[in-house]
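Letters A, B, C and D mark the chains as written, and numbering starts fresh at 1 in each.
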Amino acid sequence: AAPFALIAGPCQMESLEHSRMLCAKIAEATAPYGIPFVFKASYDKANRSSLGSERGLGIEKGLEILAAIREEFGCPVLTDVHDTGQVARAGEVADILQIPAFLSRQTDLLLAAGETGRVINVKKGQFLAPWDMANVAAKIASTGNENILLCERGASFGYNMLVSDFRALPIMAGTGYPVIFDATHSVQLPGGQGGTSGGQREFVEPLARAALAVGAAGLFVETHEDPDNAPSDGPNMVPVDRLPALLGRLAAIDALTKG
Amino acid sequence: AAPFALIAGPCQMESLEHSRMLCAKIAEATAPYGIPFVFKASYDKANRSSLGSERGLGIEKGLEILAAIREEFGCPVLTDVHDTGQVARAGEVADILQIPAFLSRQTDLLLAAGETGRVINVKKGQFLAPWDMANVAAKIASTGNENILLCERGASFGYNMLVSDFRALPIMAGTGYPVIFDATHSVQLPGGQGGTSGGQREFVEPLARAALAVGAAGLFVETHEDPDNAPSDGPNMVPVDRLPALLGRLAAIDALTKG
Amino acid sequence: AAPFALIAGPCQMESLEHSRMLCAKIAEATAPYGIPFVFKASYDKANRSSLGSERGLGIEKGLEILAAIREEFGCPVLTDVHDTGQVARAGEVADILQIPAFLSRQTDLLLAAGETGRVINVKKGQFLAPWDMANVAAKIASTGNENILLCERGASFGYNMLVSDFRALPIMAGTGYPVIFDATHSVQLPGGQGGTSGGQREFVEPLARAALAVGAAGLFVETHEDPDNAPSDGPNMVPVDRLPALLGRLAAIDALTKG
Amino acid sequence: AAPFALIAGPCQMESLEHSRMLCAKIAEATAPYGIPFVFKASYDKANRSSLGSERGLGIEKGLEILAAIREEFGCPVLTDVHDTGQVARAGEVADILQIPAFLSRQTDLLLAAGETGRVINVKKGQFLAPWDMANVAAKIASTGNENILLCERGASFGYNMLVSDFRALPIMAGTGYPVIFDATHSVQLPGGQGGTSGGQREFVEPLARAALAVGAAGLFVETHEDPDNAPSDGPNMVPVDRLPALLGRLAAIDALTKG
């Protein structure tokens, strides 16, 4: 059986050089296990906790870098879209368009994404039940585009914390669409009294292991060479130097589950 | 002390005649208690549970009706905005622009709304803690617009259910901005296995009473002459014929609390 | 209509002198409003977060003090029971026996309590839904004892926090039994990384106001002359000197609601 | 590395013959993988949802059966205790005494259990955070008994549902005590409007897989030859005939994780 797919990259795109460096390391880390990977980067962080946080490079610069990465590495590229008006443009470059969790119920955005014909990775809203995602997928599928990925990234659990319910993976898989587990945002500690979100990097591996043991089709993992100084989501990103060993352990569980 | 303000109207705008009929009944129900009211209606339901649900009249027709209502009744009017591109246009007509809960972290939408100079009513995301709203308000206030209302409408509590945490009202009031309690959406049973959201109309009054007893500055209540046949949110709307008696009971609590 | 009943006293019984002092202040604070009160004190804290915390005076000393309080002040007295073996003995003295929330599903304890013929105040487990309390009450009622009070004290909401769902009050009132709102433990921050529970005293009044506005038959409020130095639940107890003003404000809401 | 330990048996003890039949099947199912097993059965169901549900055989009959099982099969036996007065007696027979989740904060019960010197398996309360279990373990350890197992069985998540947070396993393992995952009660749908708890048997395997992938030291699985007609917890028990295949798949994950 085919191994799990990995969607990986920095939370926020920093520069072409930085993307090339990370993509090279991701390619190197996945190669020994035959793990197909998608390079992921955001050109705009449209829903930061507070206004003072950095937003990103913007759509044109971002897409230019993604196109360059795809050409150089031959890998598919993914980016997230936040505004209906940007979807068609992003779809000219990105192989996978991602719908952020907060926007997973915005009909126009889902339809516009579907109409690009690209693969659409929809994150499950923190406020949704796993079975609610069937209606979300149906909105996209109504455009004739059935290239849909459903992505678990945690459910609201009290304030400023998420919980990963692993029943959600088989439930969402029941739609027939592949299910991705976002091991980065699932360990986020959203908001809080300060102006940024925290995170629990130490739980990325346990939750990723659990996801593959229950049969996730893919993992989403943000990575950075120096997470503590990354412009966003540092507390929950995996240091890129730890990726090779981590992927080795994950590939073994995946092979057993899918085997 | 001034009584609480009431934001009321149908969930979804149906026609000028329908809006006039409801607004007349709201005006009549609030008059005996001197309750200032805002007429509320949505021209687009952009985040329905499923695609088959009705969307609404569209922005131009919707704003035309709101303008007519304001002219006829002399009341302020409120509508919600879902797309940055529509905000300036909606702000030409609406006295209050409302940011939906799912979109309460979308920076561009908050900034665009703030820049209209209109009053902005931000619903607290179901995935946010009350203290997270200080950062949300700060995004709007960064435009120089301090006309901000913070609106409680329930927090995620397990799947397909919300809970109203009445600690949230004094916590959000600590920002200095008036706090509105949305007694309609707080009793929503979002999503579920079917294609629409359910609701618990029987709890509108108890929760509205609680909100006024803890000092809410205003209430948000959707109403309809025949909720069970309304195009959206029927299960949690108050029949408009029950509004006069309900407001009488609520005004008494409010007078006691604010007195 | 009769005003709400107040169950009040220290979390943990300290001495006869201390109980007399507090009971005198409670009597004085309730008298102007005709609020009937029950003196509450625990002789044993059987489920403290950690072992190092104080446990209390023990059953015999505790009952002796409760009997003295009842004789001196003419008020009913309440204590909680944790062990089936102690119920009959406690029931010889206490007018009301209280079942702790953690023990609200323990059949033998409920039956033993019911068999005393005393009034039984059952706290709703943090892990129970309001409608689950019908089964709890039925266990007690099976003994022929219908003198049952159902007490809301918060539901688990993520980790180390409770939320007060005010829908629970009318739901539980649907059983026909009077509903008490425990304004002290509802604002507890249970457990946490340290060895004791925290609390949010500042929310006692807002939540008590909300409870009376939705029609609670009674309130449960722990009080102490110096909460910050009390042997337990200090962070959520009301300083006894603030009780008179607090009860004045609460009595007004209650009169309006029950009026 | 040693494989995981399995605690298995019926929810409720029915008879010696029934226990022998189940224990034989458990022994047979575990043997091929060298999985050490503990036979589990309850002689009393002390906290059933409603009074009409069956309670069990009682302590003396129950212990007699457990002793016979241990003698015949040479396996350790486990039973749960609900009352301080029964602990010493149960400890004369059972190798492992189990503290039910609802009772995980009852100091006297924890101390009495610790004092038997037996292994104590404490279920984490549905209302506790994983880090709260350090205080629970410390109560037992204060008796000088460090033979402690900490057992995850789900956390309250809204009403009538639990969620399994797999961060809890490494957090509790940080205490140094082995962590057991209860795959049966974690998929319970506690309470509900009716008089019994429901369950989601289909998630036993996914959650057990996840638990072993994150390193659980043991699993707790209730089983029955005809779960749909079992006296309790039928909806979440595994049919005993499916145990061999299930254990084969679980042993493979466990070997990989511990390997």
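Rule of thumb we're sticking to: a residue touches a chain if its C-beta (ideal position, glycine included) is under 8 Å from a C-beta of that chain, and two chains touch if they have at least 3 such contacts.
Note that the structure is a prediction, hence the values are computed from the model and not measured.
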With centres defined as the mean of Cα atoms, the chain at greatest distance from chain D is chain B
If I list every residue number at the interface of chain A and chain B, are over half of them used by both copies, so same, or under half, so different? same
Averaged over CA atoms, how far is the centre of chain A from the centre of chain C? Could you give it in whole Å? 48
Take the average of all CA coordinates in chain A, do the same for chain B, and state the distance between these two points in whole angstrom. 33
Separation of chain B from chain C, taking each centre as the mean of its C-alpha atoms, in whole Å: 37
Two or more other chains are touched by the chain C residues 155, 157, 159
Going by the contact rule at the top, pick out the chain D residues touching chain A in the complex. 155, 157, 163-167, 169-170, 187, 200, 202-203, 206-207, 209-215, 252-253, 256-257
Complex contact set, residues of chain C against chain D: 46-51, 55, 82-85, 102-103, 105-108, 125-132, 135, 138-139, 142, 155-156, 159-160, 190-193, 195
Residues on chain A engaged by chain C in the complex (per definition of touch): 157-159, 161
